[in-house]
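Sharing a structure here in structure tokens format.
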Amino acid sequence: MSRNIQVSRLDRRAVEDQEVEIVERKGIGHPDSICDGLAESVSRALSQLYLDRVGKVLHYNTDETQLVAGRAAPAFGGGEVVEPIYVLIVGRATKEYEGRQLPVDSTALAAAREYLGEALPELEYGTDIVVDVRLGEGSGDLQDVFGEETQEVPMANDTSFGVGHAPLTETETIVRETERELNTTYYADHPELGPDVKVMGKREGDRIDITVAAAMVDAYIADLEEYDDAVGNVREFVTDLAESHTDRDINVDVNTADDYEEGSIYLTVTGTSAEQGDDGSVGRGNRANGLITPNRPMSMEATSGKNPVNHIGKIYNLLSTHVAETVTDEVDGIRDLQVRLLSQIGRPIDEPHVADAQIVTEDDVELSAIEDEVVAIVDDELADVTGVTRRVIDGDVSTF
Amino acid sequence: MSRNIQVSRLDRRAVEDQEVEIVERKGIGHPDSICDGLAESVSRALSQLYLDRVGKVLHYNTDETQLVAGRAAPAFGGGEVVEPIYVLIVGRATKEYEGRQLPVDSTALAAAREYLGEALPELEYGTDIVVDVRLGEGSGDLQDVFGEETQEVPMANDTSFGVGHAPLTETETIVRETERELNTTYYADHPELGPDVKVMGKREGDRIDITVAAAMVDAYIADLEEYDDAVGNVREFVTDLAESHTDRDINVDVNTADDYEEGSIYLTVTGTSAEQGDDGSVGRGNRANGLITPNRPMSMEATSGKNPVNHIGKIYNLLSTHVAETVTDEVDGIRDLQVRLLSQIGRPIDEPHVADAQIVTEDDVELSAIEDEVVAIVDDELADVTGVTRRVIDGDVSTF
Amino acid sequence: MSRNIQVSRLDRRAVEDQEVEIVERKGIGHPDSICDGLAESVSRALSQLYLDRVGKVLHYNTDETQLVAGRAAPAFGGGEVVEPIYVLIVGRATKEYEGRQLPVDSTALAAAREYLGEALPELEYGTDIVVDVRLGEGSGDLQDVFGEETQEVPMANDTSFGVGHAPLTETETIVRETERELNTTYYADHPELGPDVKVMGKREGDRIDITVAAAMVDAYIADLEEYDDAVGNVREFVTDLAESHTDRDINVDVNTADDYEEGSIYLTVTGTSAEQGDDGSVGRGNRANGLITPNRPMSMEATSGKNPVNHIGKIYNLLSTHVAETVTDEVDGIRDLQVRLLSQIGRPIDEPHVADAQIVTEDDVELSAIEDEVVAIVDDELADVTGVTRRVIDGDVSTF
Amino acid sequence: MSRNIQVSRLDRRAVEDQEVEIVERKGIGHPDSICDGLAESVSRALSQLYLDRVGKVLHYNTDETQLVAGRAAPAFGGGEVVEPIYVLIVGRATKEYEGRQLPVDSTALAAAREYLGEALPELEYGTDIVVDVRLGEGSGDLQDVFGEETQEVPMANDTSFGVGHAPLTETETIVRETERELNTTYYADHPELGPDVKVMGKREGDRIDITVAAAMVDAYIADLEEYDDAVGNVREFVTDLAESHTDRDINVDVNTADDYEEGSIYLTVTGTSAEQGDDGSVGRGNRANGLITPNRPMSMEATSGKNPVNHIGKIYNLLSTHVAETVTDEVDGIRDLQVRLLSQIGRPIDEPHVADAQIVTEDDVELSAIEDEVVAIVDDELADVTGVTRRVIDGDVSTF
């Protein structure tokens, strides 16, 4: 078997060298990310359920969660949710196998509750947020195709496309790390920061503007002064963080839409704008690498919630990102790498129609000098395609 | 002011003396009772919310909860819910008062969660049961009428009818006590008994048949033998209880639909048949006195969930029962008493169109000898009509 | 086989001779009746579907429809629905039979649409009213019992109770005919009258008060004067109708809650109060004979939507009414007749535990003189118990 | 006022000249496109409602429709839908303005019904598909910002990004035209073709593979032979169409997943896979120009359903596409043009932070020779930014 692996020069400048760059990340508490997170946690729980009960993952897809925003009345010192957020978990799942009923609905709800408890600790399950579920039976066709999975590597059942890239640019790194650090390190000492942190990075030449919209939690903020301090602390933290990743000029804005005189500030009860008017759904926010990067090719496929065993779009998006990262980790001299995987219907998914690594090398590096090394790594990673599935089920990979 | 109180001879035998008597009680875990209980607990919570926030009870009615049954896979030692029960709390509520938002949806859900936690401890909120809420704004008309409540006693806004009776017959007493004692005293030592206990009493002459359908909880029952013991224990307990209330012949049947050979037994995961195919709704089960008594006049009005301040049907059903009990407590010589209250639109509710006490006296008692006493008590109780409202809000009165 | 048929003297006065009588009928456009009508039309459609596809009626029950009121802005000359009415059809149905899928959900929705088109012609399906459906699979137990239906007459699967009476009193007749005639004869010439007509009759001695609440349809009413005419026309029509049924004094009130000065009138867009704040559900309104009669024993069982083949409560309520009517049609000298049927678990439903005809005869008639005739009729009707099922499926019997 | 318009050389080859190109279009009957179409038609209806009632477009967003697939039993000659498709229209809308109620829910449902009637004529509204609506009130913040709209050109309320390009490559043209022509010209003579036509184009060098998945409607197909003919006819039509747009090698595959021996074919009752297991939501499919083009930068923003007056992402995505098309229409010598618009919070939207036209010229054309012309056109189009809003409301622009 030979995999159709192509290495070529990327016919553009590295994104790092382009004049204008735009990058965005919706934090885990953003309504779209809540849906991504729910969809993926339900997916993991169903995979685990199937493995526990029947020894293999059966057909399902849970990539269609819809969130309908609630209404809230935030107030300094602690307000309240007035109308709960409503979430409908939508998808397909196998509910019966060899005469045995499988508790897919209850499992989905339990996974949702657990996920929300971790991701949005201020949100009380069942009163601040109502979660309902509509998991239908899958289409017969897909079940047929899926029945063939007794082979080691599943067959591609669709023409699908995945794309990944590495390394991250400075702006990408800053945007991603800003959200991550705010929601972990910073949050540990600042409970007033809600998880709905949206970060936009815009670079023009050597100036990077970072715009953060951060939902503050009212219970931890006594008055406008404390709110202003909270905003200032975020600005300071992000500025320090950004400067540790670049020598470019950094400008950080936090909650720019605030108008203190009008009394219009970003204060919430639960730490997410879903409590007041912002709806959400799966696959509308971050791509599989956690970012929205209009300077780069992106797949429209929703990765979260898809079946990690047989959904070729999910697997190829995660795998192409993984391949790109591995190559740039192991091979020197790469300034920008873009990996594309295109499936071939009816062939095992470790034999893509095209596996395409496009590279911008460092100025002093010839493509030919690293080509073989790149091909070898891509080949290895494709050979281990089922490793993606395993890591997804184990929860070791983030999908949004 | 004179209240139109009439006392007359009831033109039939006392129910206790009739040849055939039928009585039923659906236990607190029955799907219809779950809905009654939810509706009433939501009602109490809204009353309290309004009192806390605006100092008076605003317009609402929450008497339309619908329960859609789930699916379950019970098993000796512990099975699981496969598809959750779905509950939709329906009704009207005032969501805004003088520019201030009132969290009626969240309050309703919190009340539902708390009630279910107490009434159905084996049912996990949010996974075994999903509760959603649709509380709309009330109709303008009703809000108008309700606006007049600044007077002490509200005006009747509808022609409505309430009926109560006392004392309970032996059969009624046994049916009511059977469910209550099973779900309290007996349950304390027998966690295998679920709250979905349905009791039917049928008396023909001096023989009383008590039929109990009792949902057993699988986690506490290891095998068929233990199940059979559990059924036997209930039978024994109910037989003893019944015999303590009567000298008539007693026959008790428990879970008569069981068929051990077919493996068809009344085993549940959560202690309610709502987990597997039995839907429920408000006002379809027990009347305000906790019983279904086809031998007696009954009001069709759902009592649970109605606004206790201005819903004349709720108030009159509870009040007529209360009046009947008070009269028979305080006046000797009454074998059967039926109290009817009929409202008069546009008049204060303590001035009913008719307050009608119909009595079967003991053989040696003349109606005329007790008439004045009865009138006096009825008059007192009507004067304290707002006491019903208060007791309902405080949770001191059961409505189903 | 001998049926346990008992004839006895009813131990009370005929209702016609009692001092106070209360009767109510909720018209077909009342929110509770809408639910009853939907539940029963869905039931008929499912029966027919099963007969067409598999030659026999499979297990189902659709007696739990819930209606959530909408919001409307009526206006002289024609207003609009602002927020649609929401209806959830709830129940159990067999969705697969011998490997063949049965379109129960689509059939239920089609039946609902057709029924609403007839009963509420001003209500536009899909925009003024949204109908959704949740029909789960039935419980295993019931399916077992139902499997035995290959016998001619099904077995009773529950202890259940039905009660019927005849003839109607004058007040009952007037209340029933008022709603029926308003919604047919009168409506034919008066499109401004909506189907939500609620009629309450109250008789004290020889005076009958008829209170009608009639929803007027705004598109046919240009101004307050026309509204006042419309109300007056209803009053006149009902007065004439009532007087044709009795020599007692008649007083008719229509839309008594109106307050012209406050601009508070009973004007609607669609002819039902469900458009604005009045929720509804099955089994909360009229009993199987179309009336609510607190002077008489009533069954709490919802008749509408129940399976007419095997639901003993439905069958016995309809049958007892039918038996009572047949007896009073054929036997002279009966002033009041009450028929009760009580099922016996595990016996064919044409062999009730008790079939009990209680009679108040005319003054000059001895019970013994008609007893045999009554027994014979009851026996015949019981023998034809499956005729009830047939008439229900054919739509020849009203259930509310 | 000077708009910040930049023209530069695009730092990559024209997509037409790249080695591998992938293009996709989901037809109007695809579940995701159904959601896009519903969201946009609801949006147009609300805009029109607001214009009619209050003279200006109020705050709303309806970009979150969720479709839950149904179940169907297709059969040669005509099968049936077994379980209806369920659609939940989600979003925010202003329901009251200056004390006047606005029928946003009913308007949304009416628009949905009308749209579905046109786009999916085989799908019966209310039985094959149930549409429900949850439109909440918007967040206070957005309403504030929107209050400033009395100015001619609204202010940007968010940092948002739009991207458009022109001209289409051959592959893009073929993919777009294939779907459009199949669903119009071809459909006119071939009612067996359902609107759920998904087209994927893959070009490697000078070979273009077009893969079509076309849902066939069973009522018009008598047997497998007719089905095979139907597939063959589509293949032939698409091949002819494609060859009229290119001299490259064309290969067309239709319904490649079919397996005649297994009886697995793409037969449907209603012409969409939503009837059987394929869920859908807004913004997951085609971008604003009707295509998915991973070779080009794309915005993640859902365009359909967004408010066309003030949603900067929607306006900029449509406008950038419109600008690109206008420029390439009017200026010769452009091989590939990419227009990016980036908003500036708090500035009028006709003054973007960056308006950036990147160009690959024809070999014989200097960028400097056309630069001024391009700037002038971009400037004109930006000046007419409100024309986008107008065209969207009039339905003259497709958003997916």
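Read from first to last, the chains carry the letters A, B, C and D; within each, the first residue is number 1.
Note that in this section contacts are C-beta pairs under 8 Å (C-beta built on N, C-alpha and C of every residue); 3 or more make two chains touch, one makes a residue touch a chain.
To keep track of the chains, here are their UniProt names: A, B, C, D = S-adenosylmethionine synthase.
Note that the structure is a prediction, hence the values are computed from the model and not measured.
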item	value
Common touching chains of subunit D (S-adenosylmethionine synthase) and subunit A (S-adenosylmethionine synthase)	none
Between subunit D (S-adenosylmethionine synthase) and subunit B (S-adenosylmethionine synthase), distance of the C-alpha-averaged centres to the nearest whole Å	56
Gap in Å, rounded to a whole number, between the CA centres of subunit D (S-adenosylmethionine synthase) and subunit C (S-adenosylmethionine synthase)	51
Geometric centre distance via CA averages, subunit C (S-adenosylmethionine synthase)-subunit B (S-adenosylmethionine synthase), whole Å	24
Of all residues in subunit A (S-adenosylmethionine synthase), the ones touching two or more other chains	71, 83, 86
Every chain pair in contact, whichever chains are involved	A-B, A-D, B-C, C-D
Interfacial residue positions of subunit A (S-adenosylmethionine synthase) with respect to subunit B (S-adenosylmethionine synthase) in the complex	71, 73, 80-84, 86, 95, 101-106, 109-110, 113, 125-128, 130-133
Contacting residues of subunit A (S-adenosylmethionine synthase) [partner subunit D (S-adenosylmethionine synthase), same complex]	8, 11-13, 18-20, 22, 61, 63-64, 66, 68-71, 83, 86, 88, 90-92, 134, 136-142, 144-145, 157, 159, 161, 163, 200, 202, 204, 211, 256-257, 262, 264, 273, 276-285, 287, 292, 294-300, 302, 340, 342, 345, 354, 356
